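Chain IDs A, B, C, D and E follow the sequence of writing; residue 1 opens each chain.
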Amino acid sequence: MSTFNLDVYMPVVILIALALLVAGGSLLLGGLIRPHNPNKLKETAYECGEEPVGSAWANFNVRFYVIALIFIIFDVESALMFPVAAVFKKFNQIGLGGTLLLSVFSFVLILVSGLIYCWKKGDLDWVKSFNSQPQLATKDK
Amino acid sequence: MINLGTYLGISFALFICGILVMVARKNIIAILLGIELILNASALNFAAYTKFSNNNIDGHIMSLFIIVTAAAEAAVGLGIVIRFFQLRESIHIDDAASLQN
Amino acid sequence: MDYTFWTIAPIVLLPFFAFVINAFIVKKFTKLAVGISTGAIFVSFLYALRIFLDFMNVYSVGYHIHKVFSWFNLSSGTQLFEVKMGIYIDNMTSVMLLMVTGAATIIHVFSTWYMHDDPRFGRFFVYMSLFTSAMLGLVLSDNLLSVFIFWELMGFCSYSLIGFYYEKEGAGNASMKAFMTTRVGDVFFLLGILAIWAVVGNVSFVDIYNAIASGKFNNLSITVFSMGIPVATLAAFSIFMGTMGKSAQVPLQVWLPDAMWGPTPCSALIHAATMVAAGVYLSLRMYPLMELGHLTTFIAYVGAITAFGAATIALIQTDIKAVLAYSTISQLGYMVIGIGVGSYNASFMHLITHAVFKACLFLSAGSVIHSIHCQEMPQMGGLRKKLPYTFFAMLLCCFAIAGVPFFSGFVSKDRILGDALVLAVGNPVYIPVAILGFGGALLTAFYMFRMLFLTFFGEPRDHHIYDHAHEEHLGWNSNIPLLILSVFTLGLFYSGSFTGQGEVNLFGSKNEWFSTLIHKPDAASLHHFAEYKSEDLGVVDTRDKLELPKAEFDENHGMNEEEAHHVHQIHHFGALMSVFIAFAGIFLAYSMYIKKTINPDWWAQSFAGWRRALQGKYYFDDLYIGKIIQKGLIPFNNFLAWFDMGIYDKYGIDGWEAVNRFAFNVSRWFDNTIIDSAMVDGTGWSVRAMNTVLRWVQSGKIQLYFMVLVFVLAGYVWKLNF
Amino acid sequence: MNSTVVTYLSQSKELTLATEWLTKALGFNASSLVAFIVFAVVCLIVVGVMSTIGGLGTYAERKISADLQMRVGPNRVGPYGILQFLADGVKMILKEDIIPSGADRFTFILAPFLCLIGVFATLAVVPFSSGFMLADLNVGIFYLLGMASLVGVGVFLGGYASNSKWSMLGGMRGASQIISYEIPATITIISIVLLAGGLSMGTLIGGQGGMPQQWYLFHNPFSFIGFFIFFIASLAETNRAPFDLPEAESELVSGYHTEYSGMRFGLFALAEYIEVFVVCGVATALFLGGYKVPFDLGTGSILVEKLGMDEMLAKNLGQILEIGSFFTKTLGLYYVVIWVRWTLPRLRVDQLMTLCWKYLTPIAIFNLLGCAVWMYAFDGKSIYSLLFESVASVAGHH
Amino acid sequence: MFTNTLFLLSAALTIGGAFAVVYSENLMHACIFLLASFFGVAGLYACIGADFLAATQLVVYAGGVVILMLFAIMLTGGTANNFNRFGLEKIAAMGNKKTYFMAGITAVVSSLVLLKIIANVLRNQSSAALEANLPTVERIGTVLATDHILAFEISSVLLLGALIGAAVISRPRTEKND
């Protein structure tokens, strides 16, 4: 296996620095030449021309969390799957593809059963009437 | 500069920060943040040992599984927090002391 | 036989796979799930049988198979940090494997009858499979770490099964109680593992034996409050605490009676035959450490108190399962006595024989309960004609547990008591152990036959229940398991000879296989292990490595003629006494419940104080739940418990006549003055007083707990001086 | 791992000489310094080109939409209005910068930075050609996924920080949409990784060829479906129509950047348009043969053999061909993206989630397993080579 | 040179982020600083050649866990100046002097022990020359598919458990008061 030098990360650092530079630079540049006349009305949040009512930082519907939950589980799954997928070809060439196929299958199918569970229980349905908790934020339907 | 000492030092700092957050905060989500810091510290330790001790890949595997477990832990932990919030309208940790008395 | 991964691992993996498969298909295909579970455990029984027969074929003391593989390795240079897992099989393991798989198979078959009309029929088998695989994993483990893992896994299964009928509030509470109580022991167990790791650098049994033989533990001590505690003692005590939790020894016995909320087959498998015995098994494995830590006397006392105390409580129970539960605690106490008095192979034999007859007793009780839908003995009676097979099985088992000659319980229990007697003759410290042991044996015989007579003899006391009992409810899968198990209560299976030589007599045969094969790992045999180290990965089959002579029965147990003669005399005396005690107990029960020449009520009234203590189960539950858990009043209630036990127990053991009258007066006075005025009122007062001080300890604030955890761990790590 | 632009350039004598000279002059090993300078210059070029493409993207969008709707589109600034984007940029810089009084200032300022960092950092592994690649990390595609997920955080924080209800809803929706569609995209990528046997961009493209039948798109039926799944998921991940729910004007005003004005909004827009380019580039690299040119023209060896050209010159020519190939395919996809936007109506939010979790993800998982089985069953051969072989063997029999 | 720069930047980001998490009084900001800390840890992984771990750190933590936490904060409305549906002020509960004092004691005690352990480790550390960085993806893949196959499979069960468990816990109940 070939060794590698950490210099390959140079572009990453440079690009991140550039991103900060571009964004910061353009904002600074604009700050020098653009007008700045704030007033109270200008600084209120937009709410269809009305006075904003309360804060927007209210608690949201729990469906968002369930989506994020399924996401993170599959995210982790993919993190585990990537290295195994990367060696699949090599294993296949030396004749061990069958065992790897089996392990990948069982791994994926176990997770899919979780997805099916959530599906059957209705966690994947966005519009479903949960008439349980009174919620402040029900606008997102 | 890059040696076991500095890495252990960094993970030590992470760990202590994690402990501070865990004990000082009374917000359950903040406590979970502290736990994530601690888990990161341990995962970093494993990777550092791999590099500076024996170059055996097992340390990476350990770190990987720590990350996996941490993600699962965060998912379940936050789920519990949300359920708790639905029940108590609070995420103050001392409100969870209903076992007392 | 060729030992590879695939000849050993299926024992564990088959039930585990059954668990995995069942956990997913259980909802719709209950029958299939049951079939898979039972089939898997049966095949794994065949594997175990194969290993057992191979070991009997080699028939040598030092023969063992050790297969090690590296779990993960982070060592470099001189700093070793490698965690290894492995499989270790010796004579003891092979017997244990056979017992666990056999009992599990039979109980699985029985469960197909017992649970078939339960809505959660399939889920039961999911837990059972997981439990079985965990237990087998524990038995096969070669190191404390994996033992601990499986240990906790079993604890979880036990928790789930106790709370199986979670609609009932009691079941939920009982499962939580069991989990929490055993956790106390487990924390100590973990600390013990840490201590051993710190000294040995490894937790493999072989390496621990090696370290003991090479004196690594010598002169190592930890200073706590300027007292030097040897590490060996600390480690041995910690590990024995694990045993106390799992095997329900005083003072951690409170969970086992409540564990009877679970379905009866699970009680048979987990809370009688296997899991609770795992604690004893662990202590047996760690026996050299216990000896090194000078802990044996303590162990013997714990066992004796447990054996006798539980037996007394069993006297007054009316629930058939509760009697069996207390009897289990008591019998576990005998095993622990066996460890304490150095009666290694008898203790292990009692483990095996107890597993068989207690499983059978539980299954019989289960079939009684399931036939009449009632657990209270006062409502039974005369069921002999209705349930003949059950009666037959239970009769044999009662003979076995009471210690009637020719039955298995006699063979094993008698030896433990004999060894206790030998020690007591030489060393007065052990006299209470022997007395409590024999007293417990008397009580055992009494309460077992009390149970048998109340259930199967006499006139039916509740005709409604009696008329509803139908033999045709029973099927082949309820009767066959009982009969198979009851056959194995014969002593011949344990004290017989595998080589076909030797005569059979009252005390077993000469040349018996059990004592021949299973030996205390003494200094000489520990040196066997010095021949190789667990660093060698792969299979170590000692057949290839060591010269293994066929084991021969040593009648003198390594002693010289004179000593042996002396010991034999005491043993014979002990055996005669056992026989006498067994028959005395049976006769007492007979005259009380069949002939009715002795009136039980009279006894109950004369020993009212004691009886109250028994009904309160020596107040352990009150102590734990009422005081410690809720109020944190540890010192005060320890005092109370000591007071109850000390006063009542002492009077119980003294002579009959004097105690009778004296106890009556004392207890009346006690009730009026101490308990009513001083204790009840005083408790309230002192609770209020101490509440303010101790409240913050149990504040329910998890961060405080975390702080304490950090401090304790920090102290421990600091002391261990990594 | 080391096939970066520096490695490529170090084949030429000039760079080697310059390195040696600098080493002598400065007294320490200057190869790292030279590498830094080269990287810095190339990164500047890439960022400049990408910003231009991003800007042109807005122009192209309006022009194409105008085309599709039989309008004229921007036509005042410059020839055919092509300088419109510059005018827009100037306007944004000159516009007043307003931070709402109720906003979380720290987060409000940070959010566009996060988006931009996430997008720019992904540029490091975009394979423009076999030599012109900033960093061929051997976790390339996985790194790209990780960096791109910062955009989701940025979007969420942008929505959160404004303390406006429209922004908050847009931010929540945006974040949940981005993370949801990341799953089918990731699983499809795994199935391609399975075919290629590596995570680096070089490996992924190296398994393909210049001709369409050598692309992974036509490797097997599963990867063919996979392409469309990946493309749809990418559209959703970049909040493009028909998945532009987070910024749906008709319901959420302008979504998570309702409260953003001036250059801060410009940074969000820039990040979005560059991200579209990046995902199109990734789709090209994964499915459409990436920078590969037919007949191995890319290495330049044919030119050297047949025409006797100078080796470095031939290689440079090959690189230009490869860059051309990559940009052609990518911009073609870019066109499709814009086309789709002006053709399809927007989805409802429940349809969005249904599409992701009930259609794309199961199909992607099925594809993954299918690819694995295909690899196992046919030894990794593509459907074309299987057909070719069978035809050849049949022909051989007769 | 560059490696050291990368290391210093990452270390600064890691430790700075961690300290900021400790000191930040705003939960949302603490979460962002946590993201910074995770980023720094990814950089630290990259510095010791653990490229796959670095990318995993980015994907799982930066992309997954942080988003999850942000969502959870929004779902519990856990910011200081906010009112819940009963009009009660929601305490962000980011600690007070007392808790910080206790945390300080805990940290000091545990740091004493940890420093002792670390000193021990460093004393026994053999200062062999470091090996060159090898690509880790294939090695990890090979080990995951052979030696640690059981852990690989079990982790899917773990994830399944986490998924179902968390979904069941956080799902809104249809019945009342359970």
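Keep in mind that, in the parts below, a contact is a pair of C-beta atoms (placed from the backbone, for glycine too) under 8 Å apart; a residue touches a chain by one contact, two chains touch by 3 or more.
Bear in mind that the values here come from a model prediction, so they are computed numbers and not experimental data.
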Problem set entry | Minimum number of chain-to-chain touching steps separating subunit C from subunit E | 1
Seminar exercise, completed: Output for shared partners of subunit B and subunit C reads E
Exercise. So which chain is the furthest away from subunit A, centre to centre on CA atoms?
Worked result: C
Exercise. Between chain pairs A-E and B-E, which one is joined by a greater number of C-beta pairs in contact?
Worked result: B-E
Problem set entry | Chain whose mean Cα position lies farthest from subunit B | C
Exercise. If you average the CA atoms of subunit B and of subunit E, how far apart do the two points sit, in angstrom?
Worked result: 5
For this session: Would you mind pulling out the distance in Å between where the CA atoms of subunit A average out and where those of subunit B do?
Result: 20
Seminar exercise, completed: Whole-angstrom distance, CA centroid of subunit A to CA centroid of subunit D, is 17
Exercise. Could you state the distance in Å from the CA-based centre of subunit D to that of subunit E?
Worked result: 29
Seminar exercise, completed: Among subunit A residues, those touching two or more other chains are 2, 4-5, 7, 9-10, 55, 57, 59-60, 62, 64-65, 68-73, 75-76, 78-80, 82, 85-87, 90, 108, 113, 133
For this session: Could you list which residues of subunit C touch at least two other chains?
Result: 76-77, 79, 703, 706-707, 710
Seminar exercise, completed: By the touch definition above, subunit D meets two or more other chains at residues 1, 32, 35-36, 137-138, 142, 160, 168, 172, 176, 179, 182, 198-199
Seminar exercise, completed: Inter-chain touches occur between A-B, A-D, A-E, B-C, B-E, C-E, D-E
Seminar exercise, completed: Listed in rising order, the residues of subunit B that touch subunit A in the complex are 64, 67-68, 71-72, 74-75, 78-79, 82, 85-86
For this session: Spell out the part of subunit E that touches subunit A in their complex, as residue ranges.
Result: 2-3, 5-6, 9, 46-47, 49, 52, 56, 59-60, 63-65, 67-68, 71-72, 74-77, 79, 81-85, 132-135, 137-142, 144-145, 149, 152-153, 155-157, 159-160, 162-164, 166-167, 170-176
Seminar exercise, completed: Touching subunit D in the complex, subunit E uses residues 1-2, 26, 28-29, 32, 35, 42, 51-52, 54-59, 62-64, 66-67, 70-71, 74, 135, 137-138
Problem set entry | subunit E residues within the subunit B interface of the complex | 3-4, 7-8, 11, 14-15, 18-19, 21-22, 27, 30-31, 34, 37-38, 41, 44-45, 47-50, 52-53, 56-57, 60-61, 64-65, 68-69, 71-73, 75-76, 78, 84-86, 88, 90-95, 99-100, 102-104, 106-107, 110-111, 114-115, 118, 121-122, 125, 130-131, 136, 139-140, 143-144, 148, 151, 155, 158-159, 161-163, 165-167, 169-170, 172
For this session: Within their complex, state which residues of subunit D touch subunit E.
Result: 1, 32-33, 35-36, 104, 106-107, 110, 137-139, 142-143, 145-150, 152-153, 156-157, 160, 168, 172, 175-176, 179, 182, 198-199
